[in-house]
């Protein structure tokens, strides 16, 4: 059995499991074997001193819901893509907007923003006053610059 | 007395050759004017019909009932810059729309139109083999479309051209076989069954009645020829943007557009000529042209309804249909036509 | 839970002809479109678009500025005698970014800012921002 | 150069860029397609062309203001988005809506679902090359939007609901309009349905195409009509009833055929069920306040919330979840949106292998994409 740091019930009545990030994958695969096959959502929360990653898992047959939480101090979390295919884009989105590096992800690129975007917008220390401009290169791919370029 | 002889008589004070050259020149001008009027009428009719079927009103701002809308659109297209893509093959790219348009006008030149009161016969070409000529002429248009697709160096355009080729190959054989059946039937009544005028005149009962299967095969082939939905795989807008005409703009695009509507009218006219008795009508033979037009417009409306209500067929299914269903059916139809010709002598 | 059944299979071509008839018979129905500037359907009572301002009622509380989700409202200094508005600040509205969410109308404690039926307010790009004086025009004046 | 080409094992594959400006990509989807002739070998969706980072904007705004950004996520079903956000926000702020407001919300959500499915049906027809049913769908949808205008003054981006209830009460006139609509709509729906399914070509384009196995669907976290068409009977309205859905009598359509046609039929059956729900709800709607007095309108920017709440609702596209984290301030600390279309879109990488281009278009049509929600 995987060691769970804390088990609580959230404000919305869902079971919350807190786990150390080393045990995260073991817990997730444990849950997957118990019927929690539907990884609904991966959320990154910027707690300023640390990053929190929340996994919403779902058992479709028994209609149960569980929330798994883990914390990281160095922006690195093991990737769940080996267990759930839906984790692929979720993790890319969290990497894109929150800057959480999912170790072991096969294709960890930005999902929404162009690859050359500077910074991760959902971080609390992201500087909103700096404007970045998106232009298109010859292959039709986007790139971001701080320079308006010709189009502006 | 047809138009040509009348014109030649008009120019008779000049020498014989000059008179005939002038007569041909004027006749060609009349033809181009006729084709233009047909196109304007077709596009207007399509837009109005489509609008009414879709619970809209359609063009109604420019001129009375929006009749001048097409003029405005034509001016707009002519005034637009015709963008030339960078990697194009220049000459084919420029002449492709012209080929489509010329093929269209040529096909119109070969059709027999019947009589019209005081003018007399409106038929332009008098040839013993006009059936063959006609099908040669309508085979010109696909060449322009394929040229356009290949020369514009666009992946969508090339895919569209390839689809166009696959489509043409699979429907033209059944189409020709069903026309051969018609020629067989006509040969029982006339000595020149390859002459379109004689072929049409020999229909006491329209060929469409004994040849229902042939009519169906020919109608389907004609939809594919004109390439509108459900057989518009070549320029399917939701898959290949605009197929072979993706890179075209301005008046060059306008020519493809006119080619589409012209060939709808052309194909409807061919169906009504070959299968529905053409300019033969119940009353005075003077009104032959009117009968032909009425039949054609009814067929055009049916064609529009098909266009507006049927989804696009997949290219592999269409090729399947052409070879596995239409071809055997048209051969059966040929046998039926032979039996009728020999046994009944219709 | 119900399982959806696939519809009955029609004979080839017959089904297509039926579908064509369903589409084709719409030609006998009346068009549903209206020719806008000439014909106008009656406006629903609750339809709202243009923001108006009653200068006499405005107390300059800046609540509308705070609640506006798009930062379309800014407070402006206007020299005007109004005993209730000591700071002499009134809102101006940038209609280029306004989404007509009606939050300002909801929150206004004195009902000074309110929305009306007027919706034909097209302008050029540089004049989207309505000053308090423009906002305080009456409805009839705006239509003119 | 030639040697390099020979080294590349897939050198005969054509790379085709579909979108972001393409007639059938529903907005700004860009598909990088690798083609072998007409057969699609690989699809890679590229998204983000409509990205506005609504989550960040919501963090910078008051709880009550975020609603308009949810309107603009799934912009064809704004009412359902509002229901989804308010489910979370009201739990976080402890302001439950009164009974009457809940019934009104159910009616609005179901009308919104019908409108969204009608848009989808019309656009799907266009994808396949049917030009006319699009307009019949939109004529019916316009009637719903007219009802919305009558209720709240806006057609699409309604901003009708607010924390603690709804902005304006519904009156006799509106109830009459909705009743009229539910009376005449089922016939029109059958007509639209027949215009689609009677066509042989329509059936041949959809039957057996784009088969999505249930285990793959769960792996990719697909929800909504797509999941139900794969044979899994799951609907948030039944599994975790919110508002007053547990007091209503309706069925969840399921199909075990798993193909494009199944998704089509499930969505049409859902519309019929929605009409059923509206018909019941309009009769049962109780009297009473439509607004919780705890959330006084002049104080709506002073609402403070603390804790973490995740609320799920069934939007027309699938399971719409909102995860709200509050730190006791007047603005949410973190807003996270589970957009169903994004997960449903990700499965196209699996479905779009070894199909023809025409089928790829049909498959992406049945996914029901709205890019305001995919990109947020």
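Letters A, B, C and D name the chains as they come in the text, with residue numbers starting at 1 for each one.
The rule is simple: contacts are C-beta pairs under 8 Å (C-beta built on N, C-alpha and C of every residue); 3 or more make two chains touch, one makes a residue touch a chain.
For clarity, every value in this text was computed on a predicted model and none was experimentally measured.
Undergrad: Using CA atom means as chain centres, which chain is nearest the centre of all the protein shown?
TA: D
Undergrad: Compare the CA centroid of chain C with every other chain's and tell me the farthest one.
TA: Centroid comparison gives B as the farthest chain from chain C.
Undergrad: Can you tell me which chain pair comes out on top for contact count?
TA: C-D
Undergrad: Let me have the rounded angstrom distance from the C-alpha centre of chain A over to the C-alpha centre of chain D, please.
TA: Here chain A and chain D have centroids separated by 23 Å.
Undergrad: Can you check how far apart chain A and chain C are, centre to centre, with Cα atoms defining each centre and the answer in Å?
TA: Result: the chain centres lie 38 Å from each other.
Undergrad: Just give me the whole-number Å value for how far the CA centre of chain B lies from that of chain D.
TA: So the centroids are 45 Å from each other.
Undergrad: Quick check: what residues of chain C touch more than one other chain, meaning two or more?
TA: In chain C, 16, 19, 22-23, 26, 32 touch at least two other chains.
Undergrad: Show the residues in chain B shared as contacts by 2 or more other chains, in ascending order.
TA: Counting only residues that touch two or more other chains, chain B contributes 53-56, 308-310.
Undergrad: What are the residues of chain D that contact at least two other chains?
TA: Chain D, residues with two or more chain partners: 132-133, 136, 139, 195, 199, 201-202.
Undergrad: If each chain is a node and each touching pair an edge, is that a line, ring, star, complete or other?
TA: Here the contact pattern is something else, fitting no line, ring, star or complete shape.
Undergrad: Every touching chain pair, please?
TA: A-D, B-C, B-D, C-D
Undergrad: Touching chain D in the complex: which residues of chain B?
TA: Spelled out, the residues of chain B in touch with chain D are 50, 53-56, 155-156, 159, 163, 229-230, 232-233, 236-241, 307-317.
Undergrad: Which residues of chain A touch chain D in their complex?
TA: 10-12, 14, 37-41, 43, 45-46, 54, 56, 60, 63, 65, 67, 84-86, 88-89, 93, 97, 110-114, 121-122, 126, 140
Undergrad: Which residues of chain C touch chain B in the complex?
TA: Of all residues in chain C, those touching chain B are 16, 19-20, 22-24, 26-27, 29-33, 35.
Undergrad: So in the complex, which bits of chain B are touching chain C?
TA: Going by the criterion above, the answer is residues 49, 51-57, 60, 305-306, 308-310.
Undergrad: Under the touch definition given earlier, write down the residues of chain D that touch chain B in their complex.
TA: Residues of chain D touching chain B: 14, 16, 22-24, 35, 38, 125-136, 139, 195, 199, 201-202, 204-205, 356-359, 361.
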